[in-house]
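Order as written gives the chain letters A, B, C and D; numbering starts at 1 within each chain.
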Amino acid sequence: MPRPFPIALIGQRFMGRAHSNAWSQVSKFFDLELQPVLHTVAARDREGLEPFARRWGWKNACSDWRELAAQPEIELVDIGTPNDVHREQALALLAAGKHVACEKPLAGTLEDARAMVDAAKRAAKKGVRTFVWFNYRRCPAVALAQRLIREGRLGALYHVRARYLQSWGGPQTPLLWRFQKKFAGTGAHGDLNAHIVDMARFLSGEEIVEVHGAIERTFVKEREIPGSPGKRGKSDVDDCVLFLASFSGGATASFEATRLAHGHQNDNGIEINGEKGSLRFGFEDMNVLELCEAGDARTGGWKRIMCTSAGNHPYAAAWWPDAHVIGYEHGFTNMAADICRVLAGGEAEVPLPDFADAYQTQRVLEAALLSARKRCAVKLSSVK
Amino acid sequence: MPRPFPIALIGQRFMGRAHSNAWSQVSKFFDLELQPVLHTVAARDREGLEPFARRWGWKNACSDWRELAAQPEIELVDIGTPNDVHREQALALLAAGKHVACEKPLAGTLEDARAMVDAAKRAAKKGVRTFVWFNYRRCPAVALAQRLIREGRLGALYHVRARYLQSWGGPQTPLLWRFQKKFAGTGAHGDLNAHIVDMARFLSGEEIVEVHGAIERTFVKEREIPGSPGKRGKSDVDDCVLFLASFSGGATASFEATRLAHGHQNDNGIEINGEKGSLRFGFEDMNVLELCEAGDARTGGWKRIMCTSAGNHPYAAAWWPDAHVIGYEHGFTNMAADICRVLAGGEAEVPLPDFADAYQTQRVLEAALLSARKRCAVKLSSVK
Amino acid sequence: MPRPFPIALIGQRFMGRAHSNAWSQVSKFFDLELQPVLHTVAARDREGLEPFARRWGWKNACSDWRELAAQPEIELVDIGTPNDVHREQALALLAAGKHVACEKPLAGTLEDARAMVDAAKRAAKKGVRTFVWFNYRRCPAVALAQRLIREGRLGALYHVRARYLQSWGGPQTPLLWRFQKKFAGTGAHGDLNAHIVDMARFLSGEEIVEVHGAIERTFVKEREIPGSPGKRGKSDVDDCVLFLASFSGGATASFEATRLAHGHQNDNGIEINGEKGSLRFGFEDMNVLELCEAGDARTGGWKRIMCTSAGNHPYAAAWWPDAHVIGYEHGFTNMAADICRVLAGGEAEVPLPDFADAYQTQRVLEAALLSARKRCAVKLSSVK
Amino acid sequence: MPRPFPIALIGQRFMGRAHSNAWSQVSKFFDLELQPVLHTVAARDREGLEPFARRWGWKNACSDWRELAAQPEIELVDIGTPNDVHREQALALLAAGKHVACEKPLAGTLEDARAMVDAAKRAAKKGVRTFVWFNYRRCPAVALAQRLIREGRLGALYHVRARYLQSWGGPQTPLLWRFQKKFAGTGAHGDLNAHIVDMARFLSGEEIVEVHGAIERTFVKEREIPGSPGKRGKSDVDDCVLFLASFSGGATASFEATRLAHGHQNDNGIEINGEKGSLRFGFEDMNVLELCEAGDARTGGWKRIMCTSAGNHPYAAAWWPDAHVIGYEHGFTNMAADICRVLAGGEAEVPLPDFADAYQTQRVLEAALLSARKRCAVKLSSVK
């Protein structure tokens, strides 16, 4: 019989739903030693909080997240709030001895991120753990890719090509908070490049050592103010950021995040070319990994691997028979399972990102912005 | 506030899991007037029943499904058992005034199916409803296809090409119950052709009037008996059934179900060609519908439609933002939502199959077997 | 130095162009012992014949094909005329000791085909050879598929799924000769099924032994008479023919030819599933063969093989570097090369179809029509 | 009747074959006012020159290209030689009043290129024309893309993503001349980036104004010397060059050329995202253009346009019926046709690149190398 594992959540928007679903589904599909109990959901905005809690099965709801620190039975707090409050929340909760699972990116500024890493280090001495919701690592196809590379199937890596292309940010989209620097910090960069920098680091198992050049651009400089027809305000975050980089092992890397690419809705994708072969993945076809291995001159080529077979593919045994494909939210549920395993003393299917890991991604994002603004290359060693 | 709606389930295998998940997820994602309450799960096999009930949130568990008929508060019973017991269970439960949602195919024999249709007719007079779990109708891409055809986007239909190809049935697979006639009735035919005949009828909105020819074949005639290494027994169901047919509106149709097609794991697919365009769908890429419309000689071609945008695509509003793809089990959840809507006096997104509807599919399957065995064409009017 | 090899051609339409191109290109790309010399082109229709001859480099032109039989220096005559005259021309030219390369299908009727086979047998005694232009055999991807199957890479064959789908035959297309029985014999059947029956036989290396059922259908029964706006005439050939069959080794087969499938322009395609794997090919992506081999449960899947590497793929060495793709007409040029090789005593890359071979295809087409019309299965042993 | 148009060619390797084929095929497929006559082929290497001339139909052969300048009847000279001799040959031939069609890239150095542009300007005053063989512009799918963008179908351009990925340059490939700076100048950069910079400029109709950052990398630093087993020499050109740039209209652009990407053999590809839609093309599937237009929220998506319909697609009328796909060499033949049209006073289907045009591409390549080496952004205005 699994041990009950009381958790709390801060946030009730998109990520609030995705995380609530993960915590409530995980014990139905996975056999775990810990069984998450949905203890309390907290959110500033009282409105809708009761129905949200009822809908998702949270036993309690409160409008002040600080109360969570004071509840002794809560073991883990899941932070699903905007970036600018991650630091304050994480520091308080870690200090209270709660494990923390924080939504990505780790923080709104590098300074905040650094403070969080320090707090995590202190908490680790008391056995407290941190996690960051880089959910795409746990698409089975991505997890398989990580294993294949770690096993040496691609040999030395030559090229990493990562993109996160969306299309919802055209001129007709109004001035949401995501287009305002004071709320969002950056645009596509923090939102999307954060994911693909994490994925590139996760898959390659290497760190980025230099950014060679970057473009940060805002195409749509004014947008209609929501609720004020005809009135327009300034959109002052990037619509896209592109940058070139080098990995510690020598591989080149290119990253592109944009909200202005018609035909791409949630196209989080990567291709890696190595000495012995290549791999590629695109989230819009998330159950598939493509692999091309060198050495078969007659019948070689890109192979479309359906990563859904129980027993052969990471996480697949928990779900359905072969080729009964899974979807977006399953990445979160798979991550919830790995968090439970790790906290019960076991192992995750593939590495779980903690604050220190997410801080490395944050440094890369910072280096890219510096490079774009200074119009020159930036070594990561200079970004702390 | 939705009204609690107590339901029961018979079965705890693959379909037991899929249906339990649907009933427990539906109120989290859909706003409905009825809120399913997981009252009782029944299964012959006591072993594992308690953990199953606990895992999925069923309040009660019992080993005799007949008890469900006697429970006045249960409003709907979901039958997730093998085909040979559908009749007995459905008749008893309908007589007790329960709505019945039955797993497909409707029954193991045409005679059973007829009896179930008759029982459904009698029950309907008292307001009792029947449903059959043809879950693939409720993939958003399939539902969109149905609407486009109903709206006339393809014009008159010329060709329907349906396939359900799997690959798990090779010689190395042991003699499971699915390969034995006494348990399974047929092989790929009842299991897979049932789905694609339903889908072809659903999408076209037409009935099949004639089967022109058919092949029923068993390639692997002996298989190892599970648990008896080295001992082999007879596999006496079809490995594949193919047939050609005509629809009432004149369209030709081809159907193929097999478990011997390497490269296809759960490839439930269809293409329809009409006067004004074509549509195609394949479950392994279930979030996509492909459409090719005539009339644009310069920039025409197959269009890949990602059926995930809230507001534009059936069921999508309940789930995630654009291109945050969904998976296999979501079809069941979407169907559970439609059942709740219909029982609350509302409308389903696309038509829900009842016993009478599923009986038409059963007649087509029968006609195909007759045609294969008699080596000649069979008119549907002769199959009752 | 290659030996000059004088040839003649009858016909100056679509096939006249394709064959002229093949004969004039073959010596530029292939190193052969025979060098085709374009001696004479013959065509009933004088108009345009001189410019045609000049354009393609034919040294002579004449309006009576019978003159070719009388020219001693001509060694091979290429028949690119409508089906109804193949018999007369082939018999006369074979009798005159010319090798004959005839456009497919072999003849307009089974009786004509039989007479041509008999003539070919007689001529063979004098060393005269026959060929039929089933050009698609010599797409490199198709030739590779044939070799892989012959080598046993798929093991025993289970299923052959062949289609030839086009879209140009809608109601707006006028009453061309191809829609009139008196000129064309059949519609899509003879034109398209001929190709895919040949391909299925070629790839499988087996013969069809039974047709299990068939549909022959004319959707567009009237069409505008070309040059007579507003006047309509009867379209009395099939728009589509579908049939199911069995191969000698037990594999099931399905064939579909239609001109009413929007989204398919020249979609000549086939998939073959065997015990150890599957292969598929579609002409619209003609440089690619897809292969899925069983046995790799973790990283198996469909592999996209670009069949363009010199040294590894049939015919590729003659053309360009890797992935510098080739096109439609190259199949004819590759066939011309194989004809030259065979006539010089060498070997073709893959088997060349002769009259006897093409006659087997013709028998299958006949059996399919019989099955459609009699509404029952037809054994090939009954079709002579 | 077309007017005979005597031409000469310098070179007999890969490009010698491709150009010879184009000049000999063009009059068979296109109706032109000029009919190329293959007058003389010149090549330093006498060996094989006679057979080459005979095979391709060149009437004369000579080992000194200077003789061509002296032949009054030759109207155009086609330069298919290595980059380092383009300047000398072009200057002499232009001075002699010959039209010149030069293989890409225009020259080995920017200085050479500038001298060639100057010579072309002087020659233009006497009606002499220059052309550069950027053959990929004349794939029908690319030509269609150019027209659609020019017509405004994409609106303002946001992103250009260009790649030219090959896989033949791994460590096992010996030290060919292409890997030695003294012969090749650069590696993948001049060979491959030249093509995609031209294509990006051609399609966008804009010029690059800044390079924001670049990577130039040599992964394989030593290779076996051909003919000297066991002996290794230095490979001193780039294996890959990546760079980021901005177009004059504000669009961002990324370019990547590499010979180390398994799974890509000749993957010359581009995607362009604009305000109203997106386009993409990849040479390995060269008959297809993909288009996604904004504004159809329900049935929008990427459309696969088969660019093979006569009358609707550039160059298609010259070749075969719909979806009878063409191949690599057809781009050269299409270009030969456009050269003939322009020299006869007509118009090319899409713009033909001349020396001045190719010089702009050369400047971009130079700026990219400067950026990589200086580790900073480079404005094009500083590269002359």
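Everything that follows uses one rule, which is that a residue touches a chain if its C-beta (ideal position, glycine included) is under 8 Å from a C-beta of that chain, and two chains touch if they have at least 3 such contacts.
None of these values were measured; they are calculated from a predicted model.
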Contact-richer chain pair (by C-beta pairs counted) among B-C and C-D: B-C
Longest centre-to-centre distance from subunit A, chain (CA-based): C
Centre-to-centre distance between subunit D and subunit B (centres being mean Cα positions), rounded to whole Å: 54
Centroid spacing, where centroids are CA-atom means, of subunit B and subunit C in whole angstrom: 41
Length of the line joining the C-alpha centres of subunit C and subunit D, rounded to whole Å: 36
Per-residue multi-chain contacts in subunit C, two or more chains: 301-302, 306, 309
In the complex with subunit C, residue positions of subunit A that touch it: 144, 148, 291, 297-306, 309, 311-313
For the subunit C and subunit D complex, residues of the former touching the latter: 14, 18, 20-21, 24-25, 27-28, 55-56, 168, 265-267, 283-287, 306, 308-309, 319-330
Subunit D contact footprint on subunit A (complex, rising order): 156, 158-159, 161, 165, 167, 170-171, 211-215, 217, 219, 239-240, 242-244, 246, 250, 252, 254, 256, 258, 260-264, 273-278, 280, 290, 292-294, 301-302, 371-372, 375-377
